[in-house]
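Two complexes are shown next, each including chain A; its partner changes from chain B in the first to chain C in the second.
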Partner chain A sequence: MLPLQQLSEKEVLNTVRELIYEVVGEDYAIDLEVEMETSFQDDLELESIEFVTLAERLMDTFGESVDFTSWIANMEVEEIIAMTVGQLVEYISKSLE
Partner chain B sequence: MARFLFVVPPLVGHINPTIGVGEELIERGHVVAWYGYKPILENLLDRDLEIVTTESEIPETLIKQVEAQSKGLRGAHALKFFWEDFLSPLAHAMVPGVRSAVEKFKPDVIVADQQCVAGAHVALENGITWATSATTSAELVNPFKLFPKLKSWADDCLMSFQISHGVKKEDANADLLRESPHLVIAYTTLNLVGNEREFDEHFAFVGPSIGRRKPRDSESNEIVFSNNGKKILISLGTVNGEVGERFYKVALDAMETIDAEALLVAPPDLIGNVPRNVIVKRFVSQLDILKHVDAVVTHGGHNTVVESLYYGLPLVVAPIRDDQPVVSDQVVAAKVGVRVKFSRVQPKELKLAIESILHESIYRENAQRIRESFLKAGGKVEAANRLEKLV
Partner chain C sequence: MSLVLANGLALNVIELGEEDASPTVVLLHGIVIDNLSSLYYTLANHLASRYRVVLYDQRGHGMSDRPKSGYSVLDNVEDLNSLLIELRIEEPVVLVGNSFGGTIALGFALRYPEKVCGLGLIEAHFAVEGWGDKMAATLRRTARLAREGLEMERVLRETGSLPEGGLPSLKKVGLSDEEVAFVIGWIEDNSRRKATRMGRTAKALLDGTTLIEDLQREEPLTQDDLKKIMCPTLAIYGSKSDIVDRADDLKKAMRNIEINVLDGYDHSVLMRAPELIRESLFGWLSQIEERIQ
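Our next item is the complex of A and B:
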């Protein structure tokens, strides 16, 4: 694997996709499309425990600078509803710079 | 002798626990009445229990609108809906009625449901002592852990309600509406809630309030199981029937190969053919059924969870929304059950979860321990004791 700083957005997305598949479970992931515009609420219907697990996996994979929990902690209710995979990918890329 | 007024929301699960407490107070010679949405109250309360009628009733349109719009909402959508489209409009709509119920009934003590904040507001307005009836423990711990900003957003909802009903901006206090400083009755125990927060003396953890319940016209109480093997109840509560279609299918698939009988509470028109070991009923008298089963599969509604544990039954929880994820976390932490994902669980996984709680004795033993804590806590009797002390 490339040094984390050199990952392209596409590579980050691929990694995030794999992590989301892990979190929701393989059986279910088969039918799940994860693209930049995919929303966590409406498309993925991510449950609270899945947010927690995803936060752990993201930190394990990308290091301490990717603190998903703190990132979502600042969100207002509208932002939580609108949150997309793309926003997470951008956040990760920025955190790794 | 004192006068107690229960102020309740149009939610079955929030009214039921107050019935036992109210009846206990009546037996001790107190005068008790309820104020809330009349059609639901009339359906749940025995005729000899008093419902205060006022000239300002909760509009049926509001109830119907909430019922229609809340269907299928989950996660943050459900949360936003709950505060902005249910709790707040309900609070506004109930203020005139609660005021006039107070004028008519002249209560010494108001028992206000935690999610029906018009009760606490009018109590404060009139200088009447009030108790909070917390029918779910989720609001007593921090339900906004994952999204802490939502706490201040919910506070804003409550404070703007107060301000629009005459409270000065500097006096608005959301926490006061949530938790009475006099008494907070919680129908659970710390054995289940856990110890993530310290509670003062004015929190009364009384365990479930099991009252005499009026059977609904459409429900049948006959016990339907046919043999002596293991039996389970599968229910998603009173409001989630339609959203459960996928889950019901998974549960029926799982039951095909489980050596047990199941009573599935669901709208029969949503269910096709069922395996031989499954019976489908639209309504049941849950407390009666719980006496006859070995385990429960539920959405993790607070009442269903505590009532199941009251009978020492282990659980599979599949939380859908609202307080259910928090309650489900409590079930897992107390090791009285197994959590599955409502929208993702597959038959194989659900079967394993059900078989675990049926056959691994640890879940039943822990459930038994919670049951003992409930019995010791005193239920409606202790709730009435604590309420009497407020007079």
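Our next item is the complex of A and C:
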């Protein structure tokens, strides 16, 4: 993988996509399209425990460059549930700049 | 997120905040249709700005192991004790428990008083006379709903529709019209995958383990038991909760307690008004910090 600071938004999306596939399992991931406008709740139908697992995997991947804890702490429960893949990718990309 | 071997089980654990921040706050979730995610969404990340925060899936829940037996309050208390030892947390901790998580917190404070420096109870259950039977009845009903929900989901997936008013089998298992409507609403409100997975988890826990029998045997906590708890305690209940009268029991017995009844909320106050719970917790925690220093 490239140094984190050099990742383009598209590459961040690819990383996020791979982690989503890992979290939901291959059987389910096989038919899953993950794009910027994809919603975790309505499109991917992620369980909340899977979303938390994804957040933790992202923390492992991006380390201290991305402050997920403060980001999540600034959101209401409804906002977390309604999140799209794009919102997540944009936040990560912005943090890496 | 990592799996930690504690009390013979692999428990799914998340640690947030700075490791040297004090005190450590351990969060305990509710029973059956719950896991650490409800606390992750509402409290954990917020508290991590100031404290070291530990949250985990209790046995049988979320991504932790699901043994066939051992679901008493004491089993859960020993899991927590073992987890703290494994994580090398030696200073007394603050326990924050929601619903059944509050039951575990109270049980832990009674068994290991020297290891607790504060109890944050949100809609805490604790065993009173008849509690075991009532809890068992509620959980048996939940198990029936989960089984029927899964059956409806299967029919819906295979045939593309459900008969008006649900499946004929529902009447056979003795569900009322209201309960049938609840199951249908549950499938409609949640995404199909999510509802199915929640239903499967609930069914596996309720039909596949001794959880219901274990809780049914739980001995009531007496006023004398509660009197033994000396650490600072904050108890939050919703004014419309079916267990709001527990606030009075706690107040009568415990000397070092602050009660906060939030107007208009029911048992699900943590999910409905997390900002009010946080406000209350942060204020109370700052007093505990002052005592420690």
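Keep this in mind: the second predicted complex is superposed on the first by the 89 of 97 C-alpha atoms of A that agree within 3 Å, B and C clash if a C-alpha of one lies under 4 Å from a C-alpha of the other, contacts with A are read in each partner's own complex, and residues count from 1 in each chain.
By our rule, a residue touches a chain if its C-beta (ideal position, glycine included) is under 8 Å from a C-beta of that chain, and two chains touch if they have at least 3 such contacts.
The model shown is predicted, which means the values in this text are computed figures rather than measured ones.
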| item | value |
| --- | --- |
| Contacts of A:Glu47 with chain B and chain C, given as first, second, both or neither | both |
| Partner chain(s) touched by A:Gly25 [first = chain B, second = chain C, both, neither] | first |
| Touched partner set for A:Ser70, first chain B, second chain C, both or neither | second |
| Which superposed partner A:Glu56 touches (first chain B, second chain C, both, neither) | second |
| Contact residues common to both interfaces of chain A (with chain B and with chain C) | 28, 41-42, 45-49, 51-52, 69, 72-73, 76-77, 80 |
| Chain A partner contacts - residues on chain B that touch it in the complex | 74-77, 79-80, 146-150, 153, 319, 325, 329, 339, 341-344, 346, 349 |
| Residue ranges of chain A touching chain B (in the complex, touch as defined) | 24-25, 27-28, 41-42, 45-52, 69, 72-78, 80-81 |
| Residues on chain A engaged by chain C in the complex (per definition of touch) | 28, 41-42, 45-49, 51-53, 55-57, 68-70, 72-73, 76-77, 80 |
| For the chain C and chain A complex, residues of the former touching the latter | 1, 14, 16-17, 35-38, 40-42, 45-46, 48-49, 57, 62-63, 191-194, 197-198, 271, 274 |
